[in-house]
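Should a chain be cited, it is by its letter among A, B, C and D, assigned in written order, with residues numbered from 1 in that chain.
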Amino acid sequence: MEIDLNRIITLSLFAATLRMATPVLLATLGGIFSSQTGIFHVGLEGLLDIGAFFAVVGSVATGSPWGGLVYAIVACSIASLIFAFVHLELRANEIIVGLALNIFATGMTNFLLFAVLGATGYYQSPLLKGFSVVQIPVIKDIPVINELLSGHFPLVYIAFFMVIVVYLVLYRTPFGFHIRAVGENIDAAKAIGINPKRIKYAGLLIAGVFCALGGSFMSLSYLNLFSEGISAGRGWLALAAINFGLGRPIPALVACLIFGFADALALRLQQFGLPSQIVLMLPYIVTFLVLGASAIQRETRKRNASRLKVGHEHA
Amino acid sequence: MINKKIAFPSMVHIRRIFGEVLTQFLNYLLILFLGLVIGAIVIFLSGKDPLTAYAALWKGAFGNWYKFADTLDRSTVLILCGLGAAVAFRTSVFNLGLEGQLYIGAMAAAIVGFAVPGLPKIIHIPLCLLAGIVAGGLWTLPVSYLRIRWNVPVMVPSLMLNYIGILFTQYLVSFPLRDPDAGMAGTPVLLDTARLPKFIQGSTINIGFIIAIVMVFLVYWFMFKTKIGYELRMVGYNPNFSASAGMPVKRSTILAMLISGGLVGFGGACIITGFFGRFLASFSVGYGWDGMMISLLAQNNPLGVLPASLFYAALANGAMTMQSQTGVPQTVVGMVKGAIMFFVTAQVFVTYFRGRMKKWKLTSTG
Amino acid sequence: MKRLSNVLGLLLLVAIVLSACAPTATPTAVVTEAPVVATEAPATAIPPTAVPPMIALVPAGRTGTEGFMFLAGEGYKKAAAEFGFKEIILESMVAEEWERNVRTASQDGANLVIAVGSTMQDAVKNVGVDFPNTKYVLVDSYIGGDNVQGLISQEQEGTFLAGVLAAQMTVLKDVENMNPDKVIGFIGGMDIPVIHRFLSGLQQGVAYIDPTIKIEVAYVGSFADPAKAKELALSMIENQKVDIVYSVAGSFGDAGVFEAVAEKGVYGIGTDVSWDEKVPGHVLISVLKHTDVAVYNAIKGYLNGEFKAGEVKYGLASGVMDITDMSVIGDLVPQAIKDSVFKAKQDIIDGKIAVNRPLR
Amino acid sequence: MAEAISVKNINKEFPGVKANQDINLSVNQGEIRAIVGENGAGKTTLMNIMYGLYQPDSGSIFIKGKEVKLHSSRAAISNGIGMVHQHFKLVPSFTLGQNIVLGMEPQRMGFVDNKRINQSVKEISEKYGLPIKVNNLARDASVGEQQRAEILKALYRGADILILDEPTAVLTDMETEELFEMLRGLAKQGKTILFISHKLREVLAVSDTTTVMRLGKIVGTVQTSETDSCQLAEMMIGRDTVGGRMRQNGVHPGEVVLELKNICVRDERNLLAVKNVNLQLHGSEVLGVAGVDGNGQEELIEAVMGLRPLLSGEVIVHGKNITHTSTRKIRESGVAYIPSDRNKSGVAIDALIWENLIASDYYRPPISAWLSLRQKEILQIAKDLIQRFQIFTPSANLQTGHLSGGNIQRLIVGRELGSERAMAVVASQPTRGIDISGTESIRRTLLEYANRGAGVLLVSADLDEVLALSDRVVVLYEGELYDAGVVDDEVRKRVGNLMTGSKEGCINDK
């Protein structure tokens, strides 16, 4: 089998990378907020589903994709608040609540798909108004750059822009400081009068809103339809990305781009009858290794620190 | 608090146990009831009659002996996954990698099943099952290694191995092990000597179910009546205490993961050799996740896994009949399941309100 | 103590549940679903004295989601209405339910079980052995069995025509977004025999016009992954100069492919049902697979006592395979090309053109 | 001088403990006030009340003569009170500057203004003479720097009254010296400082006045310049020689059962917590290890039990070197262990009583046969232990959490000593936080055990307990072990001096 690299590595591959990274990136950014407050959010997958579904409902109801976005945000916020209530007030284990949320989300969207939109399995209709791509005025006329940067959906730009916003919020605003303080040392936060519960509510709510964006992207941009299980593991991938970056937005962005690239590349390999699964495995293997490597680094640093101090004390 | 003044400890004891059984029973009844009520509301809102729908659901799950047998058969893989989850959770190891272990176990069993000819049934079947157990168990080792050696919590790594496992088996059935004649992506059909014998003509129920039942009691015995099981449970309750009592904490973690993965892999082997007859790509739509939910529903008790699995299987089996007879979509069952899980997680409800009552009493008297 | 009581509580609950179930399991209970007793007057095809037969339809999925399954359902319903038997449709959500549903129908005493989809082949084989007196109709595949009839649509005949059309269209210069490169695309759901029949016909049809035209082939790996199907199509269009995409990726997948086609302004060819109106201006033609006719015929044949085990082939001549008349796309396809397609169709029916069926 | 803060008639009771009784205290502005007392004397409770973390059951607090209600630490902060906890509350990945301003960040257009953080933190740091590197990450900063940041955190919030909870516990001598210098500077600038300490040398070095607490009450307040360490130690731990002695004198010790040679151990922060400890425990002997909590007791015991790596040294049980073996091997060689924190490492609170009772013997023959546990034998043994050790429970089949603290402790003692196999018992805080009858019976059990020829290593912060039970007393102070000799009439004074850090006789600062 000859592999023509020139036909695989193309500009459109990079465009596809951005496109495929977007939903994962949005969920990841949301998950970063919850993980920075110290909550391991397993429910991202379910939230993406809910977001995607209600975006479709909203788009059909209001006739505008932006209306769909609003519906999705409201729905995901409600779901997140329920999650937060059960976890924070009833003290249920966050992982169990997250799993329950996923199961509930699958059941609910599948059922409502039939009950509200009268469709089984998937819904596609001209009533469904998706986002259209945005051409950036100047850039769209520059040959190579235009393929890369222009002609994407608004949510793609929003997602990448949000990386900066999230970074700024987390590392440059008082709110972000409080979030990180709660996640890293809850006693320190309490000691200076920050209410950790309120911060965690906020973190979960923000996670919900981002998942709403991610879900809307799936059903109103990436595709103009809703199908059962549309999130297809992207929520779990987001968890991987969060862990890859150890909760920081920039490394998480890198992870999402790697994931997106692997996805896009795998598809192209598949086109040539090559085992795409091997490529699709890479993101997970890499995350696994990164987790291991960072742990090794952490532990050896600890050990080295102790060795240094021994020397210091004897000196 | 127990104090000296108790006159008849045995009576109190009995009353206490009885009381707890009763509260637990009522608790489950309440959860089940609430879940079904939510389902009923949903069915009602979609313009159907909830009672007829539930009656059909009932008939579909237990309506006649065939259906009953199918429900039992359907629970086989759920029981084994539930047991796998229960062993891990009891040891406080949050193994989220059940789905991957299931696929790997199933694939190993399938390979032994179709690629090793010329064995008698009596050897071939155990060999297949063993392959599933071993493969499922070994699949957990990288995670255990990270946990033991480098102190990485098992959750995320085990989750990652899910996808690696699923994609790896997909690769195998798409390329090296593909059966070009199959109407779907799958391995070649297993040899007859590898198929689990069925014992009711016309039903799929096979000795896999019997094995699963045996495993329930075996795992129960192991966890509650052996010293290694005792170690696992103590480590699960309180690793600090176990360490100071001289128990091998790290070994217990590895062992719990191995057994958990082994049981789940066993489940995969059973469904392949007992039901499908070949490995199919994406044959599982979350048996591993269901297993975790079942284990939680059973409060991680192996004996509780049995009724919880039967309940899950009955819901799934009944849903088909419900839809074909009343037109209520099967997806309602998904909602009921989700709602029940929410209530189970919120079992803390009870403790929460009990706690509030206490607080209230304290403040009102103080 | 807590855990013992948990288990006991749960066991108690199950015990009650099971005991409550006991009465329904006994034969004295009111069983309404078994259509053993006919209430309405039997239809013409059934002799007045005979008990109406029980015929069940078991699609490998849900009829609402897949075009050919939907059509199979339509044919089944039509037969049910005409011949007066009760509709029993068992849809499945998961792979496990393929066999379970076929089995349930057989256990409930169905005389004829119609399984739709080639993924059903294991199920029919496994169940057919256990119920030798029940007859099975398997749509899209046949793997043996004395009581199994396989309805094999000659997809290659239909897609041959699509190939004839595509080969002539792809070289046109004055059609918008149609490039002169001799490349067309094929996106299949899975790498399995039934999809190979589609592909083979397309290849033969294209070669019939111009053997130098290249067909890019890709498989989604699933019939329910619109995102991946769309991405594959986009990649084909962007990188491989594909201007016509033939899609057999399941209804979910097709929807994804045609989204890509519409987005890029190129052209597609639909499968199973008519996509012409759904994506107007972009679907040149749809290769219709009237599973409804096949299923209807199978039921009718059974009721007339003409059930025969083995393969039954349905090609263009039977009307099961067909093509749309290209009226929606209108003048974009030159009349001459349209005529050549219709002529090829007639030639196949007349046996002047032989379209080979691939072995696998 | 004006009064900065005072409390009147403060009472605070926790279940079973009167932590503060009728406390009256008045501190002047610019004063450095030391509060000293043993573990459990009620110092920390009092400080927490003054910082708004606890609400007193009765009594009132005045700041500059005005009564205030401190519902929360927030209220305390706004009244000009700042607290520096023993365990620093810093966010590791923040810079010291960011930690200092956390919660009151200077902002510019909604963003945290790092420039102004640096500027204002530098300002107060220079003003009060507390040098820090503003941009150092908290996790990279030295302990002393972290502490300075904590103090600055309080000052940044406008604190006039600083409460420091054992500020020198984590510092090196150098750092302690620096800290005192800074505290004096702060006092000079009009800040009022209260600090808790056990180390009389330091108290004498830095404070203006010293208040001594004992058993929830104030024993007295003295001008530091007019006292010496011996007087303070006596006030702290009472005048009685050895009261309530339960152990008869003159027991002849047997051969050595447990020997520690040159033990060095690190704590979680990688600091040396145990320094070169040598110790011999004989059979039939109760050896008391006195000392204020946090002087290396936990680390020493955990290292002996194989739960914490030994940096150096050897542990020898009955002539057998068990250094670097597993906890099980150590136990099997004849060491029983009663851990200090019963809920954390003494029992599994959610397990059944019998499960906890067999935790150290479950793998041995009468209880287990090959793989399985023998239910009948276990229940027999459990019943026996429940009876012998007077664990009040209707059944061995109950969840351990249902038991009271005293019963749980009896359960642990029963498990560890019931089989009578151990030749050496390591008992850490065996009666902490349990009722009188429980304390009584556990102490008696330990003594009985020693009478039968085993050695008991009794580690306790409760000096009365140590003196009541031991034949011989050693003191751990800052990780080092000092011998206080056999228990006689003078032992209390010797121990008192050793555990407050005045080992070379009385210290008179000025």
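Structure notes:
One rule holds in what follows: contacts are C-beta pairs under 8 Å (C-beta built on N, C-alpha and C of every residue); 3 or more make two chains touch, one makes a residue touch a chain.
Since the structure is predicted, the reported quantities are computational estimates derived from the model, not experimental observations.
More C-beta pairs touch across one of A-B and A-D than the other; that pair is A-B.
In terms of the distance between Cα centroids, subunit A is separated most widely from D. The distance from the centre of subunit A to the centre of subunit B, with each centre set as the mean of the Cα atoms, comes to 29 Å. Centre-to-centre, using mean CA coordinates, subunit A is 46 Å away from subunit D. Rounded to whole angstrom units, the spacing between the C-alpha centres of subunit A and subunit C is 36.
Distance between subunit C and subunit D, defined via averaged C-alpha coordinates, is recorded as 76 Å.
Residue numbers of subunit D whose C-beta contacts span two or more other chains: 350, 397-398. Counting partner chains per residue, subunit B shows two or more touched chains at residues 16, 170, 174, 331. Residues of subunit A in contact with at least two other chains: 120. Chain contact summary for the complex, subunit B toward subunit C: residues 16-17, 20-29, 32, 56, 58-59, 61-68, 70, 74, 170, 174, 178, 180-185, 189, 201-204, 271, 275-278, 280-283, 285, 298-299, 301, 303-304, 307-308, 310-311, 317, 319-321, 323-325, 330-331.
Residues of subunit B that touch subunit A in their complex: 42, 45-46, 94, 96, 142, 146, 150-152, 155-157, 159-164, 167-168, 170-171, 174-175, 289, 292-293, 296, 329, 331-339, 341-342, 344-349, 352.
Contact residues of subunit D toward subunit B in the complex are 305, 307, 326-328, 330-332, 337, 339, 344-351, 355, 359-360, 362-363, 368, 371-373, 375, 392-395, 397-398, 402-404, 407.
Interface of subunit A with subunit C (complex): residues 7-8, 10, 12-13, 16, 19-20, 119-122, 124, 218, 222-225, 227-230, 232, 263-264, 267-268, 270-271, 276.
Those residues of subunit C that touch subunit A in the complex are listed here as 61-65, 216, 218-219, 221, 224-228, 230-232, 234-236, 238-240, 251-252, 255-256, 259.
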